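Which chain is which? They are A, B, C and D, in the order written, and residues in each are numbered from 1.
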Amino acid sequence: MSDTGHEPRHAAPTPPLLAVRAVTLRFGGLTSLNDVNLTVERGAIQAVIGPNGAGKTSLFNCLTGVYTPQLGSIEFTSDGVTTQLVTGTERRRRSKKPHMVSRIGVARTFQNIRLFAALSAFDNVKIAAETRHRTGPVGAMLHLPNAQANDRATDERTEDLLDFVGLEGVADELASSLSYGVQRRLEIARALATDPQLLLLDEPAAGTNPTEKRELEQLIRRINAERDITVLLIEHDMRLVMSIADRVTVLNFGKVIAHGRPAQVQQDPVVVEAYLGSADETEAEGGEEADRGD
Amino acid sequence: MSQVGGLPVRVKRSRKVDPRLVRLFGWLVLGALLRLMTVTTEGTATDHTLVLDAAFKSTALIWWLLGAVAVWALTELWRARKVGSLVSDRTAGARKQWRTVSDRKLTRQLAVLALVLAALIIPNLMSEFYQRVLVDQVAVFVLLAVGLNVVVGWSGLLDLGYIAFFAIGAYTTAYFTGSLPVTPGFRLNPFVILPIAVIVCLIAGLLLGAPTLRLRGDYLAIVTLGFHEIVQLFLVNKNNWTGGNQGVSKPIPHFSINIFGIHYQWTLDSMPYWYLFMGMLAIVVFLFARLEHSKVGRSWTAIREDEVAAAASGVPTVKYKLMAFSIGASTSGLAGVLYGSRLGYINPASFPVVLSITVLSYVIFGGMGAIIGVIAGAALLTFLPAVFQEQNLVRQEDIPMWIGAILVVMMLFRPQGLIPSRRRRRELRLAQQGIADADAMSEAPEGRQ
Amino acid sequence: MVQHEQKGRGLALTLQWKRCVVHKKTVLAAAPVMIGALALSSCSSSKSKPASAGGGGNKPSYTIGFQGPLTGPNAQLGINIDNAVKLAVAQANAKGDLPFTLKVAEADDQGDPAKGPTAAQQLIGNSNVMGVVGPTFSGATKAAQPLFTQANLASVSASATNSSLTDPANGFKTFFRIVPPDSTQGTAAADYMAKALKAKSVYLIDDKSDYGVGLCGNIKTQLTADGVNVVSDSVAAGTNDYSAAATKVANSGTQAMYYCGYYADAAPLAKALKNTPYTGKTLSGDGSNDPKFISLAGSAGEGWQFTCPCLSAAASTDPTTQQFVKDYTASANQPPGTYSPEGFDVANTLITVMKPLGTNVTRGAVVTGLRSVDFKGLTKQIKFQPNGEVTEKSIFVYQVKNGQITEVGTVDKLIAS
Amino acid sequence: MCLSQHFWQFLIPGITLGCLYALIAIGYTLVYGVLQLINFAHSEVFMTGGFAGLFLVQALVTTGVTPHGTESVLYVVLGICCGAIFGGIVAFLLERVAYRPLRRRNAPRLIYLITAIGASLFLFNLAGKLFGRDKVNVPELYTNGVVFTVFGAQVRVQQIIIVCTALGMMLMLDAVVNRTKLGAGIRAVAQDSQTASLMGVNINRVISQTFVIGGLLGGAAGFLFGTYLNVHYQMGFLPGIKAFAAAVLGGIGNIRGAMIGGLLLGIVESLSQSCMSSQWIDVVAFVVLILVLMFRPTGILGQRLGRAA
């Protein structure tokens, strides 16, 4: 996909890569996302910010099929093919299953790192890399030539990706034994291994030190530039957001309160008010639970 | 939320009893319980205190209690002297050395070779009774356990209807050999039935797993239990198809080879069947070992450790769980063909629900996830009861009780089993720290509202 | 008696263990615990040669095997027979006129067909075993009999009544039984209900077991032949709730209800029936003819009738039988139960066959001897047809009266009167 | 058509059985609510209750004499209490000995399930060893006469006792869970145990209490079941599975759901007997279970103990 040639960065007539239209998500009586609209253009680096509990992770979960929103639509367009991520009638809605979302080209990382802890770094990436192959149990058991070839190709790709994120030295180490920053990068490598068009990063800089943060910033830029992957990230670190994002969307209480260029958004009084009004700006410790809202 | 908020904060400091005394009490209770479990009489419907009297009004109780006190004293001494850590410090080097040696490919190959040779040679030296035990019990259950290991050990699901597929395999054999009241009009050699039974069980597994596995993994346990009941009722009630409780109407024929001018007929003798079983086991183990280290095996590991992350990485979780479940089912069916043909006579009573739990206990005891551990566990736990039976050491009907006790004790003290796989051990340790999941029981990572 | 034998065996085992040191070494090389356990038995392989006489002075020692459930849910029936066999052997040894000493070897199959072959192998492997009493249940018999036939070892059952067991197509050449098959009991029970009780319609319930289905099938055939209306139902053994089944019986308006199954299920059915307005006769077969039926069913069991090819020792007035009841009660600490007299008879039949063979008893000779035996037992004159079926086939009727099972008479006589 | 003929005659045993299922199902649902665990050993709690009640009344009632009047009432009440107490004790011990160490270790759910199954296997076989493997009859505690008839169907004393006791206990439970502090704790833990513990709820104690409450009901049901049918070492197995099916039918984790599910399952099971041969009756529960899982996995009333309707 990445080698299909360069497309113009902002071709006006083509639909955006991702279009979220009027999405509403409720848990019981609690509204987590309220009429959210968002578009992501191909090739962009875009950020979603907002105070804790604003619904950022819920948005990601809707995009990746973990949650099914009650209202609204989500469209993903790549190579001229548009896929509806949420289908069904008003009453019975279905979202594309997470692995299907991954297959059509949306990969993600998690706010609280979710690696396969008892596996090596190499295997973590390999599992994601080989989902694109069609090796079945029979091929695997009988070592059919096709399966063998796939396996070799996957190994190469995995090594390649580990090199790309700078983890070639720790390939054989257990994921759980790696440092926090390294785990973050490993998770990104795993996401890249599914060969995505759109990469969703959920607070990639949380818990990393300034050096790691700088490296991360470079990594994101390289992913965007070298691999031609569009990036949508949730981040609390304003400096990082301001420096790499082309566009910023601000969520508060499940609503989009501002959208635009970083500098613009930073000046927006509504945003300033939202941030000052919220009780604490420190990082969330509760992980996903904080956003789920029940 | 409001209920939680409305609750008063009550922090009560509990009165501390010396933990050593608590442990002593525990050991004493355990001693008394063991005494109760080892009594050789059995209660009757009219005399409910018979066993209690036999257990607690005899001098043997004193020995058990003294034993409990002795064990307690030893463990306390061990604790006080911190012998455990001392020993583990002292032996750390040796253990590391052992690990490097045991990890070496050559070592493992030699061990496997030794095992294979032992399996081929040693049974020849045994009495016919033990040869029969080896085939009817050990070989059958080892094969079953290796199959169940795929479901429980590798994909982290719980299948309590495993023996239902065993029954399906056996009855498929009976059908295609014309031993049931309904006949297909032709008769097949059991060798030909092997793939048929595998496919039949595969399909049955898919049909059962598909509606269940879309939901929570733990429902599978109860649904499979129900499935077993249904299969059992079907076998019992559909007399005109299955022969009901009277079992197959004609003996199921033995295996035979009759191709390329080679004629061989298996008979009632045990050894030829032993080699047949071992051959099948070798094939199954070989294929499964490859599966474990393939894309499929890695996907199962991923699902076990973090289903949400696996799905996000593009692993179709439901598909892989279903795959594990049906591969397990078809192995069970394969064993069923061998078993049916070996015994010649089967009826629904040969496949009780408790047998599924028994096979589960073999897998657990040996070490979930490690083929070699599972084989060892199943072999040991099937062979020992036969020895007990021959020597009249333990009442046969008490064996399920012991198996239940073994399950609980293993889960409490050594959940990884006798000879665990390294990965499994790691997972359980990480799960203890709250990092990984180590099973596939949680809610499917999709479709939540 | 049994314990002595165990001790002897244990000793033999340790001796054998020392003898196979070579195996032990190879085994230790192979290391794993499992193999160690395997080796233990490999050493015991040659342990039971006839030469290792032991207890009986200079007389040779032979063994009568018993196969049946000694543990598990169906144990009582097996224990009833086992005790009788042990009593017969003890009495024969005590008499002192045997040219050999007799022992009993028990093989527990829990009544489970899957365990049948292993149990049979246990007896076959013991080369001292010259004849087997059992297997107790028909399913286990079907599974084990090919092995007995192959070993040319006679197995004489006191209780396996499934009709197809003596079918020559099975090739069970060494199988005998001293109880008539279900078909005989079924025919007799049907005739009894049609002719003695004069029932116009009968409700049949089977328990889906090997035994129950066979029995009810035979009853149905004969009832139809007798021109009686038949309603059939099945409730699997072990069902907890019989209230719906009882409701159906009550609604059917039949004059008699026959339950083909065991007492453990007949009793709850009796209780459930008592809670309905049903007024017809209630009957069951030999499987329910057990004192436990009364203790389970309580007052609901009153008036139930049982057909049985068995002799109820307690109800008999014959002095030999009364002596048997006394001896049995003394040795087994419980009164004789269903099929105890039959078990006693089978053991004595085997002893009768073995005795003239003197010190040259072989398995083959016992099988041959059984074909021509003519022996007056407690229950009947024992003589076998070529297919192993006993010639005399009388069916008794019993009834629960005042919390006791009492004999009513044989079916033939009851129909005639 | 089959339903119309003897509808009431099958409905009444159905309601009786359904009440018993409901009592057991509550035990499953409570534990599932707080621990997300199928407590397979709950069927053994039920069995223990049956035996405990049986032994008590066996000791009290002279054989062959059927008590009546206040004496009967006393024996029935004592039997129920004894069954309930022992059910509670077994449930408590089970939680203490088998589950709590696992919880401390943060064991995966698979391990819990296997432990539960092992405990169940152990307990019922131990009971078989201790008390024999035959069915045991509970002595008659009252004359089981016909009280009244509904459309030709007789309603007997026994059925009235079972239904009334079960309904009474369920109402009490409902009040406890919804009105008391204890119930608030259970609901809090069911909703979010982490938050609850942050709020000062002693999770361990609440879980113990939940097990005990489930055990009390299960044990009482065991005794009632014994008087209705029989006491047997394996008596827990099938009713256990069926009660679980009932809990899923009502919405696992939902107490009122378990009550409705149990009642419904009992009725469906009994009525289906009028339409088909008795031999297939045990299939009904499983078919219901699979259908519910396929079409409405959240059950009739929806899941979650904490989110009360």
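To be clear about the criterion, contacts are C-beta pairs under 8 Å (C-beta built on N, C-alpha and C of every residue); 3 or more make two chains touch, one makes a residue touch a chain.
Just so you know, these numbers come straight off a predicted model, no measurement behind them.
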By mean C-alpha coordinates, which chain is most distant from subunit C? A
Indicate, using Cα centroids, the chain positioned nearest the centre of all protein chains shown. B
Subunit A and subunit D: spacing of chain centres that average the CA atoms, whole Å: 47
Between subunit B and subunit C, the Cα-mean centres are separated in Å by 34
When the centre of a chain is set as the mean of its C-alpha atoms, what distance in Å lies between subunit A and subunit B? 41
With centres defined as the mean C-alpha position, give me the subunit B-subunit D separation in Å. 29
Using the touch definition from the top, which residues of subunit A touch two or more other chains? 294
Identify all positions of subunit B at which a residue touches two or more other chains, and write them in rising order. 1, 42, 45-46, 233, 236-237, 397-398
Set of subunit C residues in contact with two or more other chains: 72, 75, 208, 234, 236, 292, 295-296
In the complex, subunit D touches subunit C at residues 6, 9-10, 13, 17, 133-137, 139-140, 144, 154, 156, 158, 225, 229-230, 232, 234-235, 238-239, 270, 273-274, 277-279, 281-282
So in the complex, which bits of subunit D are touching subunit B? 36-38, 40, 55, 58, 98, 101-102, 105-111, 113-115, 117-123, 125-126, 128-136, 181, 184-185, 187-188, 191-192, 195-196, 199-202, 237-238, 241, 244-245, 248, 277, 279-280, 282-283, 285-286, 289-290, 293-294, 297, 306
Given the complex with subunit A, which residues does subunit B contribute to the contact? 1, 287-288, 290-291, 294-299, 301-302, 305-306, 308-318, 323, 327, 423, 426-427, 430, 435-436, 445-449
List of subunit B residues in touch with subunit D within their complex: 1, 3-12, 36-37, 39, 42-48, 51-52, 152, 156-158, 160, 211-212, 215, 217-219, 221-223, 225-227, 229-230, 233, 236-237, 353-354, 357, 360-361, 364, 397-398, 400-401, 403-408, 410-412, 415, 428, 431-434, 437-439, 441-442
Which of the residues in subunit A end up touching subunit B in this complex? 27, 64-68, 70, 94-95, 97-99, 102-103, 107-108, 110, 114-119, 123, 126-128, 130-133, 135-137, 140-143, 147, 150-151, 154, 174, 176, 190-191, 193-194, 294
